[in-house]
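Here the chain labels run A, B, C and D in written order, and each chain numbers its own residues starting at 1.
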Amino acid sequence: MTRENHRENVAGRANVEDTPELLAYYDELDGFNTGALWTVANKIEPWEPKSASVPVLWRYADLRDKVLRSVDLVTPEKAGRRVIYFNNPGRTDVSAAVGWIYGGLQVMNPGEKATAHRHSASAIRFIMEGSGAYTVVDGHKMTLGRNDFVLTPNGTWHEHAVEETGTPCIWQDGLDIPFVNAMEANFFEVHPDLSEPVAYPVDDMTKTWGNAGLTPGGGAWDKGYSPMFKYEWDRTYDALNAYADASDPSPFDGTLMEYVNPTTNGPVMKTLGASMQRLAPGEATKAHRHTGSYLYQVAKGSGHSIINGQRFDWAERDIFCVPSWAWHEHANASASDDAVLFCLNDLPVIRALGLYREEALGENGGQQPT
Amino acid sequence: MTRENHRENVAGRANVEDTPELLAYYDELDGFNTGALWTVANKIEPWEPKSASVPVLWRYADLRDKVLRSVDLVTPEKAGRRVIYFNNPGRTDVSAAVGWIYGGLQVMNPGEKATAHRHSASAIRFIMEGSGAYTVVDGHKMTLGRNDFVLTPNGTWHEHAVEETGTPCIWQDGLDIPFVNAMEANFFEVHPDLSEPVAYPVDDMTKTWGNAGLTPGGGAWDKGYSPMFKYEWDRTYDALNAYADASDPSPFDGTLMEYVNPTTNGPVMKTLGASMQRLAPGEATKAHRHTGSYLYQVAKGSGHSIINGQRFDWAERDIFCVPSWAWHEHANASASDDAVLFCLNDLPVIRALGLYREEALGENGGQQPT
Amino acid sequence: MTRENHRENVAGRANVEDTPELLAYYDELDGFNTGALWTVANKIEPWEPKSASVPVLWRYADLRDKVLRSVDLVTPEKAGRRVIYFNNPGRTDVSAAVGWIYGGLQVMNPGEKATAHRHSASAIRFIMEGSGAYTVVDGHKMTLGRNDFVLTPNGTWHEHAVEETGTPCIWQDGLDIPFVNAMEANFFEVHPDLSEPVAYPVDDMTKTWGNAGLTPGGGAWDKGYSPMFKYEWDRTYDALNAYADASDPSPFDGTLMEYVNPTTNGPVMKTLGASMQRLAPGEATKAHRHTGSYLYQVAKGSGHSIINGQRFDWAERDIFCVPSWAWHEHANASASDDAVLFCLNDLPVIRALGLYREEALGENGGQQPT
Amino acid sequence: MTRENHRENVAGRANVEDTPELLAYYDELDGFNTGALWTVANKIEPWEPKSASVPVLWRYADLRDKVLRSVDLVTPEKAGRRVIYFNNPGRTDVSAAVGWIYGGLQVMNPGEKATAHRHSASAIRFIMEGSGAYTVVDGHKMTLGRNDFVLTPNGTWHEHAVEETGTPCIWQDGLDIPFVNAMEANFFEVHPDLSEPVAYPVDDMTKTWGNAGLTPGGGAWDKGYSPMFKYEWDRTYDALNAYADASDPSPFDGTLMEYVNPTTNGPVMKTLGASMQRLAPGEATKAHRHTGSYLYQVAKGSGHSIINGQRFDWAERDIFCVPSWAWHEHANASASDDAVLFCLNDLPVIRALGLYREEALGENGGQQPT
């Protein structure tokens, strides 16, 4: 076995050639569960991040039928949940869509309910189609329409369902399962009653906490996640338009707003963040790159993104990912309608730990050659 | 001069009788700018607060004409601002409405503008009648309708005005002038140009920061006051109704929401707080008391409050105050309409310094005898 | 009665001459507990603060005998505490030493104990002479030597005493009594048993929380004051010397360190701050002024301070005050020994509420003419 | 390929048998970078964490010679740093000692200096033997003795060295390299001058910030790591003894103190924590388990730990690890001397993200059978 794989001829970097004496020394170190740092130093201290994930576009046109087919193929009782998950070619070992983020498409028929459970992983359930979906989170029932999402934070009991009077619903699940597993901190529990009672007025958490600039008198909230629970599309879209009126777009992101916990202005959960961004008719952004992993879903409109030089054309409901430190830029295909992208990410982790860094593309007017 | 005014015959309290020797000693102490604590101890360490302010009701029916008359009596150039201020009988030395809070009614005609200035005192301008009012705060122009209010925080340049196309406007000014003076920390400056340019899109601060659960991407705000600047009546009233739907009313306050800085969920400014509370048709609260000083304005409806056993009947636009540690309870006079009270207070000071305390009235079913 | 006292002929300021019509209007306003703002506006909105307090030096040489005499004149049972308080000529109405700060010298004989009590005011007890002093704070007994101080925060039961084996002790009490009274938030309670049991190992709070860069495992502290309770002179003096070694002195303050709550690095209590500052041999500072009220005690050495142009020469144990926005500079009289000043202040209030402002003296090389 | 590996016959868990139809469906999903959740759900949502790391004891008696031998085998110029790293058998893919923590032993001769560099990983350098070691961090030179440690936080330039007048030094490096790599956020930069100038008085950061209950006047620190930089053994050991005097030991940890950033009382860096714990003579703790990964070094004394039922006997300078959710208990072998354990961990990450959980062993009197 050779040990000199990562040599670099640069001052301050390891550059040690294998010798018989060294190879013997290395073998000896192995016997004591140790190694010589200089054989791996350049590998474990890279000049900059090189993500294991690859950019992928998942077309809803391809996946919708497959998700619906699962209804015929497996029962909820056997499958737990009928979900097609995004399996990034670079992350199949941890079943991740990108980085440490799990994503999948789930389908549920009217009258169905998933078994109530809780886990240390945190989730965002983003509704894509259908009516009558709702989720109960620690006894709070939140009704859900298209492009709305609900939080099921670390440790909360939750139960997804579709009303008898609804239609088949498809939504995107986004979770930090791979991350929490990597941290060796994931616990899972099935609700002792398999289901969970509704204990409060319907949608009480958004009614109580979802009022800009107003907080409930005497109200206190000190949990590590947002009490709003549900974030609605209509209000988000209005907010994006109002903010667009009042400000210039970012050259990299158009008009972007981050979903926040209204009691902290911080992320909706400690480990998963979300944002919505609007590209004006005809808008094309410049390229930049930053740390963190990002899973996009097209909430409205069509266009394309260029990620590390590769172009991905997307339509409404398509999903795509941007790995850490990958160059990316977005363009709206329409000259008359806006396009809106929902984005799930691990920015709360990256920022809380001081690991955020970004860079603008300087060459070529800020546009990647493709 | 006698020195034994505050004697109490209670273990742990001062109870020293004047003697010729002591009186001589006291005189001697006087000569060195000192005194004997036991001559004042019981006075400066009271068993509980006894406010210097008295409860007062200011009827709009009485004051409206007087405010309007000031337009004929003084010019803006001479008067600075045409304001009738609330002069609590117990606080005339500091021109306060209650405690350390200043309040007054200001009038302005269409096309008028007040000289731009700034000061260490913080203000809330609450619109009572008229159209076309606006305020420019550090270059941000905020348009104002009935029951809306705008912040002009400590240190911000501000200029109040009414559009040429508007009608005569009356509003309530609320400031912490007496408090900032008491802290010997008030500075005042007239804008070098007497007026202040508008530097941003109209109403940009509410459009940018006033979106529940959403924050501007890349936006940072670390000033000690809310970036929302303007708080609107329509959204407040909707919020109160939504919150009322989702929760039981407080026995003391009905459905009360506090205005907050959306980036902290804390008070809108460091020294002045505000809240709006809704009394359902027929609702009458129980009595409690707490520290802090409170200036109410009736935003909607009619009813009465009982303050330290005294009944005050109020109608829309009336103003009244509740001094620190005064018992108080409120009742809506209507069986069909709700009543809504706007409240300005110094709770941010009281809470930040750990001085909040409250107590419910136990006797008489929680109702004060009147 | 004239109403035009505060006229200023400056754009943006009130400048209204009395007329018979206006005087009648003013009388009418009086009848409704209101006034015309322009009659007081310039008074309540000053260009800059003008403190009601005057600079005073209290010489220990003058006061020591007087304090000791109180032992013969009054019993602890009758007097509560034998204290000579500092009575600033501008603040006799609130018995304050400066601004809203109360200060006094207390004496206690060996074997004496004050009645245990608690109040909303916060206190700092700074030992000036004698041995055997201790204080019990919520069951924690803290032993006290010269230049040590102990906190008795808002709401804590406390009991001051001197051991039977000690000597007569004199200390300085510093409290925010005038401020808490002004906020109408002071409550007072005598301990039901008149005395308070010791419930923990002696000096446990400094042993547990007073270790730089180390915190007790599993320890949590969320009260609004420091868990250290006692701050010792030896450690403070060592710290000042270490910090002086590692940094340049401030031109205004020499080497100044602030006492902090080790769990927040913020002030020791929410309403009272403390600092210790060292003037090197021969050091004389430049003049500056800032908001806030300051009560100094000379912990070591001798020198002088110039306050608003007036020179005060001080020796060890002397006390003096600097009112808000007063110019001040300090000088060490010795060319061989350092001088150290202990300072009690209301900076926590001033800072928490955004009211701090400072200015350096530009003229005359930063030195006040005297 | 079979897909049914993780079936569980429990309500709410996936339990789907392979069928030809399903296997065809799975293959089809593969083609679109997707998979069926129920084939992996039980694997990625475990009932509780099962660490990939195994408990290991690294004996200093085994490793000391090997580290010293590296001096003869490689030059600093070629190797970068002469380090033997701990290679946990379950984590060889990421060169980690335990979980996501890297550890190693480094040796340096008098007069040697490592190339100055910086990276996004954060490090703690804990001195084991030798004199004259020092580290320059962003221009601050910190001298280091036995059991002292220095921080080189994320993004700071740093340079390790031993004075010409010193002796050969061995220390333990502890870093979050594997974690920062996993987050795909590691950047590395060699100092343009290869070395870094000393710009401040020696040891200024501990002199300025390492004073319990005192903070530099006017000092501000808002970086995400402790300004103390160096934590000294003597002060730590004194603190442990003082704290032990004032409190009962924890049943699981003896007398444990955590190293903190004195400006926040939080961890010394955002991604790496450290603690020191004292076992009294004869003390044996009870077993518990918690999330997070832990790398211990025996700073003083001898004893043993039982980790997931396996006994490890340790002597001074030995290193061992406790993986996430592993049962562990410690015992001091001496009846007369105390034993002290230094511990490096990722608790700051685990806590910041809400992933901490712990459990006491209930059976067998809290002792693991071995």
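Basically, contacts are C-beta pairs under 8 Å (C-beta built on N, C-alpha and C of every residue); 3 or more make two chains touch, one makes a residue touch a chain.
Protein names from UniProt, one per chain: A, B, C, D = Gentisate 1,2-dioxygenase.
In this text the structure is predicted, and so the values were computed from the model without any measurement.
**Q** Quickly list, by label, the chains bordering both chain A and chain B.
**A** Touching chain A and chain B alike: no chains returned.
**Q** Computing the C-alpha centre of each chain, which chain sits at the greatest distance from chain B?
**A** Using the mean of the C-alpha atoms as each chain's centre, the farthest one from chain B is D.
**Q** Where among A-D, C-D or B-C does the A-B interface show up again, with more than half of the contact pairs the same?
**A** Of the listed pairs A-D, C-D or B-C, the one copying the A-B interface is C-D.
**Q** State, to the nearest whole Å, the distance from the C-alpha centre of chain A to the C-alpha centre of chain C.
**A** Centre-to-centre distance between chain A and chain C: 53 Å.
**Q** Approximately how many whole Å separate the CA-defined centres of chain C and chain D?
**A** 45
**Q** From the mean C-alpha coordinate of chain B to that of chain C, what's the distance rounded to whole Å?
**A** 29
**Q** Could you check chain B for residues that touch two or more other chains and list them?
**A** Chain B, residues with two or more chain partners: not present.
**Q** Looking at which chains touch which, would you call it a line, ring, star, complete or other?
**A** Drawn as a graph, the chains make one closed cycle, so a ring.
**Q** Pull out all the chain pairs that touch, please.
**A** A-B, A-D, B-C, C-D
**Q** Contact residues on chain B for chain C in the complex?
**A** 10-16, 21-22, 25, 28-30, 32-38, 40-41, 44-52, 56, 58, 62-63, 66, 69-70, 73-74, 77-89, 94-95, 99-100, 102, 104, 115, 117, 119-121, 154-155, 177-178, 180-191, 194, 224, 270-271, 291-293, 323-325, 349-350, 352-357
**Q** Which part of chain D faces chain C closely enough to touch in the complex?
**A** 200-201, 203-205, 207-218, 226, 228, 231, 235-236, 238-239, 242-243, 245-247, 250, 253, 255-265, 268, 275-277
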